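Letters are used for the chains, namely A, B and C, taken in the order the chains are written, and counting of residues starts over at 1 for each.
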Amino acid sequence: MRSTVPLVLTFLVGLFMVGEYFIPHWGYHVITQLLLEWGLILAAAAFLLGLFNLIQVNLPKVLNREEDWGYKLVMLISLAGTLVVGFWGNTGRLNPGEAYKWLFDFVFVPLNATMFALLAFYIASAAFRAFRARNLEATVLLVAAIIVMIARVPLGESLPLVGEKLPQFMNWIMDVPNIAARRAIFIGAALGAVSTGLRVILGIERSHLGAD
Amino acid sequence: MKLDTLVKFQHMDRRWIFLGMGLAILLPMLFPVNLPFKVDERVQSLYDAVEEIPAGSTVFISADFDPASRPELEPFFRANLHHLLRKDVKFVSATLWPSAPPLVLPIFEELTAEYGKEYGKDWAFLGFKDGKELAIKAIGENIPETFPQDIKGNKVEDLEVMRGFKQAKDFAMIINVSAGFPGTREYVLQIQGQYDLSIASATTAVSGPDYIPFYKAGQLNGLSAGMPGSAQYEKLVFPDGPPDGVRLLATQSVNVLNVGHLFIIVLIVLGNVAFLVTRQAEEQA
Amino acid sequence: MKHLLLLALAALLAVAPASAAELTVEAPPDNDGLNLDLSWEEANDPAGWGVLRTETGSDDWTLLKVLTGDARSLSDKVTTDVWEHPPAESYDYQLVALRTVPDLADVEDEAAAVLAAGSVAATATGKPKAAKLRTGMKSKNYGPLLMLLIIIAVGVMMQKFAADVRSGKEVFIRRIPGIDAIEEGIGRATEMGKPILYVPGIDELQDIQTIASMLILGQVSQKVAEYQSDIIVSCCIPIVREVSDEVVRAGYYQAGYPDAYNPRNTRFISSEQFAFCAGTNGIIYREQPATNIYLGRFFAESLILAETGFVNKSIQIAGTAEATQLPFFIAACDYTLIGEELFAVSAYLSRDPRLVSSLKASDWVKLFVVICLLVGTLLTTFGFPIINTLFSISGG
């Protein structure tokens, strides 16, 4: 019973949602839209569960003074502080001068930007490590990467002799082999998605349903 | 050069690479070179499409970026606003990213004040809407219903700038400044074909190649990718240089891109030279 | 006097509204029953056109749109809120040829203002009609029909190949090193006494890549339980965390070690992309997993996660259909599953006949698509875009 009901529900709802594409009637869409909105509401409600999970995982480590408990304490204080400040600020919390706005501008924005900025350094180290001409395919990848990198910036256009042609060649690499490969990945992934979707709808895949 | 030096070079501590990258970023900011650059056809197409919008028309701007993508997209965002405002084009904006409103609202207020535009009459910001693809579909169908109130709490139906504009197709153009998901792809897949919308997109460099097929198929009437795209757009909007008080952030940052890319290329080339020399020596041994 | 009269007549004729136009109102093909397409013929362009609409039997006209004088068509969505205003059975339309384009700012009765500024050139009635089934036959865009046939074909082939496998027929699946490495990675982690880190991507549960990742997590957690190792699942979306919790618990249960499962190992970090990335990096640095598995939909955080794992000397297996992140995973991870390989993992790992048969079915469809691409390219090159028509999809 515990696994039969979810399987039947999955089949019926899955079939219904697939039918939306083939049955254009507005009445049908009203129901599918309702189901999608229920999904959004469920996902929003799950945020509370996420909050409890954060506290459930980290608070015992702080109380028991486990390894790195200090970081967890900082995380819990930040969580509580942001919640309180956000609720306190209410609808005007984004107005200039508000504490929540201050937190956003001087804590969230710099931290977010810093994490993204790490990519510049990590790309350099990953590229240095990975782009080695070990075989023919790796060499082609290496050469294409160098051409695209140099042609994307004004430096490439300013190079003597090749500066004029380099951006054109780069555009050809991006427009022809790159797009061809991406389309192949899209088509393969789309077919894989259809297959996976059908497996879930038909109840062939059940591991997402939990223990019997 | 000794073989073990070459081997050490290939496996050097990545902190040396980070230091080199840090210098490659810092030095061009302190000592800019300002090499000239050409405008890509897709950016030119975007500029021309905006240029053709008649004065007095209204566009819809979907500002979907966050602090992480700000360096790439904010320069385009600002230049585009200058472009629209000096042509007396009105705009209504909204966002699908929760961290966007505090970023974009101050920019709107700063630039509209500069051009003497009035909130509610010449522009409006409807705020953030959750729902990703659902929200985009709703924007395609009925904007006042999707956003009953704007960011300031006014009824959207009562805003003068929204009069006669109920659906996305009522606007002269949709301009999507998109850092990822949800963004340009979702606009194209969900509503562009259905309503035959005119959409222009500015996106991050990593997503740009993904949207080239949309541009080629005519589903986008222009595409600006990453910081180079933003710099090219700035060049088109301010061909004689920026007016007082306006900084061309992307154009300045392109100096950093130049040196940064060059650093990575030199590193890769040297790494491969070391790799090939050591491999040859090992094969001979 | 005669001349004055003639002049006045000429002036009137010059600005006179157009003679009666022919207005047709039709439901577009494959539509949802909320759309009507208006089109009209008229030799001369007036100053503008006003289009008015009312429900049949009512006198309450509303102005739909004021169009330029050269316009000859309009698409009308009869209602945008089916709950408050469900569509009526039929609608009457009036096409007004305008002498001057009226200024409608601050006008309460726009329809009356438009009528006053012109004269009715044509009227028509239209009945919104929803298509029963969207096949594209009427609009000659056969894409939806083809898609329906492909879905049915995949389903039928899946059953057929599953029956073949059950009857003892051998099914060949090519070796995918990345998937083999998952089991090796679990073994390595067990030997080293370190956990396995599993990251199911950062997208919502309804994304197909996240669903595929959940299916794989079930298989992986069962293997982890059999090896009596630990698995840490780092989630970006709270509801994904809840489903992961159930899936991992089920995996331990299937392996026969229900008590070994520690719910605190399935963690929600943050729904903010880079906060999640920082938190997961923290897990990698502190808990030092021997194997990192990244399967699902990733964005900019992919390289940061992979590089941190590299520094930690973990074996890293990544899989995504997100083409923009594949280069980063390929550069930084030991094994990468590209696109459809992600969707093949659960079948590959389990070797369940029904799952393997679905792989075979999608491969046959892929072959069909490749043949269509090649044949279609050739035919289109020589001026016969038949295959294009077969696959085209109307706006709907």
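Heads up, the rule we're going with is that a contact is a pair of C-beta atoms (placed from the backbone, for glycine too) under 8 Å apart; a residue touches a chain by one contact, two chains touch by 3 or more.
Source: prediction; values computed, not measured.
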| item | value |
| --- | --- |
| Interface ranked first by C-beta contact pairs | A-C |
| Label of the chain whose CA centroid is most distant from the centroid of chain C | B |
| Whole-Å gap separating chain A and chain C, where each centre is the average of the chain's CA atoms | 16 |
| Chain A-chain B separation of Cα centroids, rounded to whole Å | 18 |
| For chain B paired with chain C, centre-to-centre distance based on mean C-alpha positions, whole Å | 23 |
| Where chain C touches two or more other chains, by residue | 204, 272, 274, 300, 323, 396 |
| For chain B, residues that touch 2 or more chains besides their own | 14, 68, 99, 209-210 |
| Per-residue overlap in chain A, given as positions that touch at least 2 other chains | 112, 115-116, 123, 125, 127, 131, 182 |
| Chain A residues touching chain C - in the complex, by the definition given at the top | 18, 21-27, 29-30, 39, 42-43, 46-51, 53-54, 56-57, 67-68, 71, 111-112, 115-116, 118-119, 122-123, 125-127, 129-131, 182, 185-189, 191-200, 202, 204-205, 207-212 |
| For the chain B and chain C complex, residues of the former touching the latter | 14, 68, 99, 132, 141-142, 145, 163, 166-167, 180-181, 193-196, 206-207, 209-210 |
| Complex contacts: residues of chain B adjacent to chain A | 14, 17-18, 20-22, 25, 35-38, 40, 66-71, 99, 101-103, 105-106, 130-131, 134, 153, 205, 209-210, 212-213, 216, 228, 254, 257-258, 260-265, 267-269, 271-272, 275-276 |
| Residue numbers on chain A that touch chain B, as the complex places them | 33, 36-37, 40, 44, 91, 94, 96, 101, 104-105, 108-110, 112-113, 115-116, 120-121, 123-125, 127-128, 131-134, 142, 145-146, 149-150, 152-155, 157-158, 167, 171, 174-175, 178-179, 182-183 |
| Residues of chain C that touch chain A when the two form their complex | 30-34, 82-83, 87, 130-135, 144, 147-148, 150-151, 154-155, 158, 204-206, 208-209, 211-212, 214-215, 217-219, 237-239, 241-243, 246-247, 249-251, 253-254, 258, 264, 267-269, 271-272, 274-275, 277-278, 282, 286, 300-301, 303-304, 306-307, 310, 321, 323, 326, 328, 330-332, 338-344, 346, 354-355, 358-359, 361-362, 365-366, 369, 396 |
